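Two complexes follow with chain A in common, the first pairing it with chain B and the second with chain C.
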Partner chain A sequence: MPKKTQTETVTLTIDGKTVTVPKGTVAVDAAKTVGIDIPVFCYHEKLGPFGCCRMCLVEVEKMPKLATACTQAVGQDMVIKTDSPKAVKGRQGVLEFTLLNHPLDCPVCDKGGECPLQDNTFEHGPDLTRTEFTRYNRDKAVPLSPVVTIDRERCIACQRCTRYSDIVEQETALVMVNRGFQNRVQTFQDRPYDTRFSGNVVDICPVGALTNTTYRFKSRIWDLDNAETLCAHCGVNCNIVVGVRSNEFMRVQAKSGENSQANDAVDDGWICDKGRFGYGFVESSNRVLKCRNGKGDTLEANDALGQAATQLKKITDEHGPQSVGFIGSPYGTNEELYLYQKLFRQQLGTNNIDFKTYRQTPGLPVEHYDVGDIETSDMVLLIASDPTEEAPVLDLRIKKSVSFFDVKLAVLNDQKTDMDKPAASSLRYNVGSEAEVLSALIEALNDKPVRGLEKTAGIAPKQIKDLAATIQGSGKVCVIYNPAALTGSASDRILELLQTIGGLPDKQCGAIPVAPGTNAVGALDMGAHPNFYPGGLALSDSEKIKTLWGDEAPLQPGLSALEMIQKAASGELKGLVVFRANPVVDFPGGPTVAEALKKLDYLVVHDMLETETTQLANLVLASNGPGYDDGTTTNIGGRVQFRKRSLVREDHPPDWVLISRMIRALDPEAPSYKNSFGVTDEISQKVPGYEAINKNAIKGMGMPRKGSACSEVQGNGAPAAEKSENGALRLRVANYLFAHDKILDASSPLSHHFKSSTVYLNAEDAKALGIETGDEVKVVSGDAEVSAEAEVSDRCNPGAALVPRVSDEQGLMALVGDPDAAVWVQIKK
Partner chain B sequence: MFAFSETSEKEIEKQLVKYPPERKKSAILALLRIAQQQNGYVSAEAMEEIGRRLDLSPAYVESVCSFYTMYYTRPVGKYVIMFCINVSCHLLDCDNLLEHTAKKLNIQVGETTADKMFTLLREECLAECSRAPVMRINNDYHVNLTPQKIDQILDSLK
Partner chain C sequence: MISQAFEGIKNLLVGLGVTFKNMLSQPATQCYPEVKREMPARYRGRHFLTRDEQGFENCVGCELCAINCPVSCIHVEAAENTEENRVSLGERYASRYEINLLRCIYCGYCEEACPEDAIILREHYELADYDRDVYVADKEALLVYPKPNEFRVNFLGNTTLKN
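And now, the complex of A and B:
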């Protein structure tokens, strides 16, 4: 594991070449710096030295025996020979042993063509076998899980996979059992290997033992066109390599040392299983392939977008600019969202632009930390965030930082999460009391006395004081939080907290907001907000806005997404564009949202998959979406990267073209762009913070945009906690990574992860209600009810009912009204 | 369901104090032994329980348990016969002696007799080459084996 800072260097000779590297570097890595490739199997730079396969034998002068270059730390004046006869013979011997029982099935092995064993044998192995006895035959094609298969006879027992499970995902789910030639990779009692990150073992297995079940026998690797691109599921924006054959999707791999170079600033070379096995949406039978009107007649894309633009314009001419609005999505690219806000602000004259239902404003009172900053922090404060379900690879990064870089992790949440395990301290506050808890923490940091919180928040003042003391005692503090999980005024309190920490003496502080969606940070940056122009320009900043956007730029505050729904219901909003969002299922209110949308004169839904919302549209615009369209996204760390297309659609324009043509339909003078980078270039001119972003600058690792400072932080003390009536419980909607929605549909290889609706109750409440684990119950709020199975657990404190969103069908959002107000539910048998 | 008995709990306590709390996983071999002492073998449930005690994944416990041939993961007979098959014993005809034993017990190597008295296992070197061929029955060594000697020993145990 490379250490954080290493300044001391040593100089040595490898095959006659002089090499200078940091002290502690192992010989394999030192050799790499001068282009000498020492063959390895068990060694993997992200797993650290191990030394079990002996493939990397080299001769080191003054050492009596051959040494393993993957464990041999280089020393000053060391002389290493990788190509001496002794070293060559040694490696040949090792390979002969490695191949003893290895089947000769390269022609039918999925790894063939990208197999280190094949390559090393070709390069360093004996060309004949002396094996005269029967090989030890082992089981073939054994499922380790529905998505990972193991061919046991191909396994060379390098233990990369089992060490990965131990060191990286830290589950120790995959282990070696038995010993000698009988050892085998296995889970406990052969249960499925179904962690969040299981697929990475396929990438790192140096032979064809572990394979991606969905890719088995689908293609030979030399027939693939590989696109280095980004995952489009969550805000980490992991780097992936999508393999395509004849414009047909084949597989997803992590972009890593195995196929290219890992992007350590983003994902460290790992992806989660949703990123790897959840790409089927590109070929879903549920895709919107053609534009159509409300009657179902297919329309040419150009006709459809023309109709949309003129119709919206007509509405604003008749009813004023406030009568139309745009609900975007944190899944759009920067270019798409930028162009849409431009259309609505410049051509239609309204600020009715939004993409979310929680409260968040652009900008931070402290630095926006990049993901890599987690490793160099002294402390990570994780607030209301469940990375394992919401941004999985972030979970890996936090665990790595704790185990290898001694970062102290403090968790503040209303539910139990996987992050409690690596945490040095975790506090569980009552559902809905986050504003109060954050206020108390701010007071403690200001060395003010902390009020009693036990009753309302379930936390003792001493715990808050201890947490404050830890923060005060840490030099660099990284605050990670989920803005969408903060209710009421907590969205202001979190900023106040950041400001407070940032203001402490000798303190470096930064934050990483981890909201749902791929590009929530970019969406805010692109001005998908009713009160902010791109780059976090508040409407009050009229001078700057006019310079950038002209004198006509609308300055009247717009409607938030939820307000738009309300105004649709009241008839004040007439026209609405919904871009890659499904408010009917995802917005608070559920079915009432559908009723509101039906009242609109004109609803345009621009989406790539059919949803409950496309069903209501007067016009459906087909969107190609990730996989087919180019564009940039900004990840949770503020890093802008290019999401290249991996597949081509020639019969339908990309979204950035479609939207820019809508603009041009209303303003023929507006620019047209050669490619998506043309839009990126305009963004760099128009969006403060994005000045340095362009095609070349973001190549490879991407590049952080400059975060904006936030406008004034509102401080108004702690709110009064709302009280429960008639034994009602406060609802907490939690997230589940593998929810059965439009992206992961029934045909998904991940469908074995789908869960049924469950409500988690604390033992105290369950007892009072006479409910036991396994009971079928109804979670009721007003007229709405959701069926669920009860599970009695300590996942949250008493007084709350926690329900993870597990499917669209579950209809959970019907229970939620105004997301700012507490939602009280009754549990009925 | 597996649960440690009171006697076992006392012994576990004694073992755990030997290690600093953050290194308690070092007690894994001891706990496996205690579980085996209690039930004759280490069941999957016992591995899970040991994992819970030591903050280890059950898979890790299984991995360690399976590495050592002297932890049994299935029920065994009252007497476990470990028959050395390594070089010295091999040269002195242990293969035939093993077959002889199996025939006498009317089981295959690796099996347990129907009356649950004997389990017959192959074992790598028992470190008693000077008196090969050797077998070990529970904690006792039997050396310089011949078919007759084996018959005598087994009969005496019935």
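And now, the complex of A and C:
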């Protein structure tokens, strides 16, 4: 892979055309720039040259033999002929060999119609076959995992898949064993190939050897209506292509070089298995298809939204605007969240708007980096984030940057993650001590002496100093952090840290906040925050707010999501709209949240799947959700992209229509929109930072919005660490990508990834408690308890119990009280 | 003048000759429907799906017929054969196979495209019916295999055969 910064160029001739390309480019890519297509199998631009299949033979003047264009780096004045009789004959011969034992499976092969082997044979192969003997038979349809099937007869041993596993996902999970006729792609000891990124091999396999089990025989590719759209799981917003046949979901592919232009600014052409195989929710039997009231009577969408709007208005008229609130979701689109905040601020006059349970304010004191900036950084500082579980494709990008672009990775986390492997340095602080560690790092960066941290954070001052020195020594620093995993005042400390790094001499610094959810960045930008208007306008900015939103715009600080729950419990909050969120399971408190919601006079739940929360609702509004609705989302890198619908529902309006009709029910003057881009256009007028965003601007690759500046970074000084009481351990809730929730339900093809509840304990604590790996234990906090299997490991430092959220049934959030305060748990056998 | 009259009489006799010849020869018309015409072997009439000697369906649900059909009147959905439920000898079979015979232009491209000789157009040309719905021929209607020139009186509803 040539470095992106390569500036030297060479000029050569290919088929009589003059080409100038950066030095180090291989002939295949050079030819592509002038529209000459050299056929390949083993070569893949993201994997680099390999040269094992010989499909790309070309004639190079002054070379005695044909050369492989995929490994041939071009040189000055080189003359390459791709269509000389010698080259044509050479390629014909290669194809004859490749097809020697290839089964005549095209009619029943899932790759048929989009198969490079078919295409290359058609264009470059011999007209007639000379191999009319019985072919060598091998195993067909062997499952490599529950979602990937291999047909050994069809494999042409190009090794794309094994190299992908080696170079891109860096798991070396697939290898080529044996030689000659007998060679085959295999996993270690034939274990299932179940990495987080296994599905990508289906896209890159140039034949139908590796196929998507969930798509097996479901349709032929020419039946499909393909929609280039976005994954709706995590914040990376990977570009995917959803294939639909007769309005029925068929498959997901990565938008990559195989079918379109990959979006290198987002996903580099790869997606994770959750994105590929976790799409079953669009046809889940658990979907909310019709609106209904609390008694279960079905309502027409228009009646239901009218009822919701008038009822909420009635409550504000009786009890004041502070008596209603909105809990949104980082899974909504910008349009949906924008319209909801508009409804609540303009029509209902309240700032009780939120979408999260952690602390975060919009805006960064440094630049908001795009995902692509990781590659060009000198250093990546990863704080409290576990990309492998939280934003998988980010994991690939970081590994790529470390392996191929010499990016230094420093990890600062309270748990062991997969990112420790590529990291140049990795510090593990005690659970809950992030504020202190960040304070110490800031001091070190300011060349102040660092206080002792061993006791409280488990990190030596020297380690902090070394890290500070690395940061100081790097030109471009990209800080990636998970705001949801920062407790207490760490959410302020991280901003202070960014400001400090950004303020160092000769330093470029940017940050990528990786919060859970598809559109957490967009949600903040759209003003789903009790203290900020869209575009990060703080309530104190009343002048600007008034010009944009009118003199009536409420300026009284609103309630955060958790405060709304508290006020609901105390009876002060009367009406609440919950949009695509499931507080009963996902919010701290668990069952107590349900109690609070039951006290509300009026609970509207607007969701696409039945949840524990829809069960409590006085009115359920059906949401079509991703797959069915158009909209834009803003990814972790601040890039706004269009999430096009792939499926159509004619019997229910899209969410943006539904919400805008609610607004119109209260204000007949309010605009109605022709399509979702109508809302996008309004956003571009009303949301600072989104001025340039419109339909055409974000077409294809999307476009970064301008990040808002950060309001003043608060305070200084490290907080005193909270002390544990009678041997209790501090709880750390970790994430697991394939959690068994409403999205990945029991019928999901990914159900083999579901895990049982596990608590990770450090050996020291386990010994003190007399617990061994495999023991059934209870994790207890107050009245709440969660059963789990103990695993003794070094995943976290002593003094903590780490429990990944693996399912909704686990009930883990019941253990958590106020997320700002430490949660202490007892482990009981 | 005389030669002109002679020419006229000659032409009259030639014409009458044709008339007399045809008066005595067999008529070309047939008394349809009492008598049904034998069609040439490659006539493109109604479609049928074939089976192999063991009774398995030949169709593997590859949809090549469907993509090749110029009027898109074939709809195929495929499924995988299992040991318990083997429908065809290949890996897959057509779980649904429908031809809209009203839209079909009887071009035979589907037969041409089929890699398994599974769909064939035969000499059966009696395609009239009283009900439009029966013209979407499904697998059940297509998997029958009448003898050559063995016509059904009524092409879908009534399965009695006329000899």
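Just so we're on the same page, the second predicted complex is superposed on the first by the 826 of 829 C-alpha atoms of A that agree within 3 Å, B and C clash if a C-alpha of one lies under 4 Å from a C-alpha of the other, contacts with A are read in each partner's own complex, and residues count from 1 in each chain.
Everything that follows uses one rule, which is that a residue touches a chain if its C-beta (ideal position, glycine included) is under 8 Å from a C-beta of that chain, and two chains touch if they have at least 3 such contacts.
Predicted model, so just to flag it, every value in this text is computed and none were measured.
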Partner chain(s) touched by A:188 [first = chain B, second = chain C, both, neither]: first
Partner chain in contact with A:141 - chain B first, chain C second, else both or neither: second
Which superposed partner A:175 touches (first chain B, second chain C, both, neither): first
Shared chain A contacts, counted only where both chain B and chain C touch the same residue: none
Contacting residues of chain A [partner chain C, same complex]: 107-108, 112, 140-141, 216-220, 222-223
Partner chain B, residues of chain A touching it in the complex: 166, 171-179, 186-189
Touch list for chain C against partner chain A, complex: 60-64, 67, 77-80, 90-92, 115-116
Interfacial residue positions of chain B with respect to chain A in the complex: 44, 47-48, 56-60, 62-63, 66-67
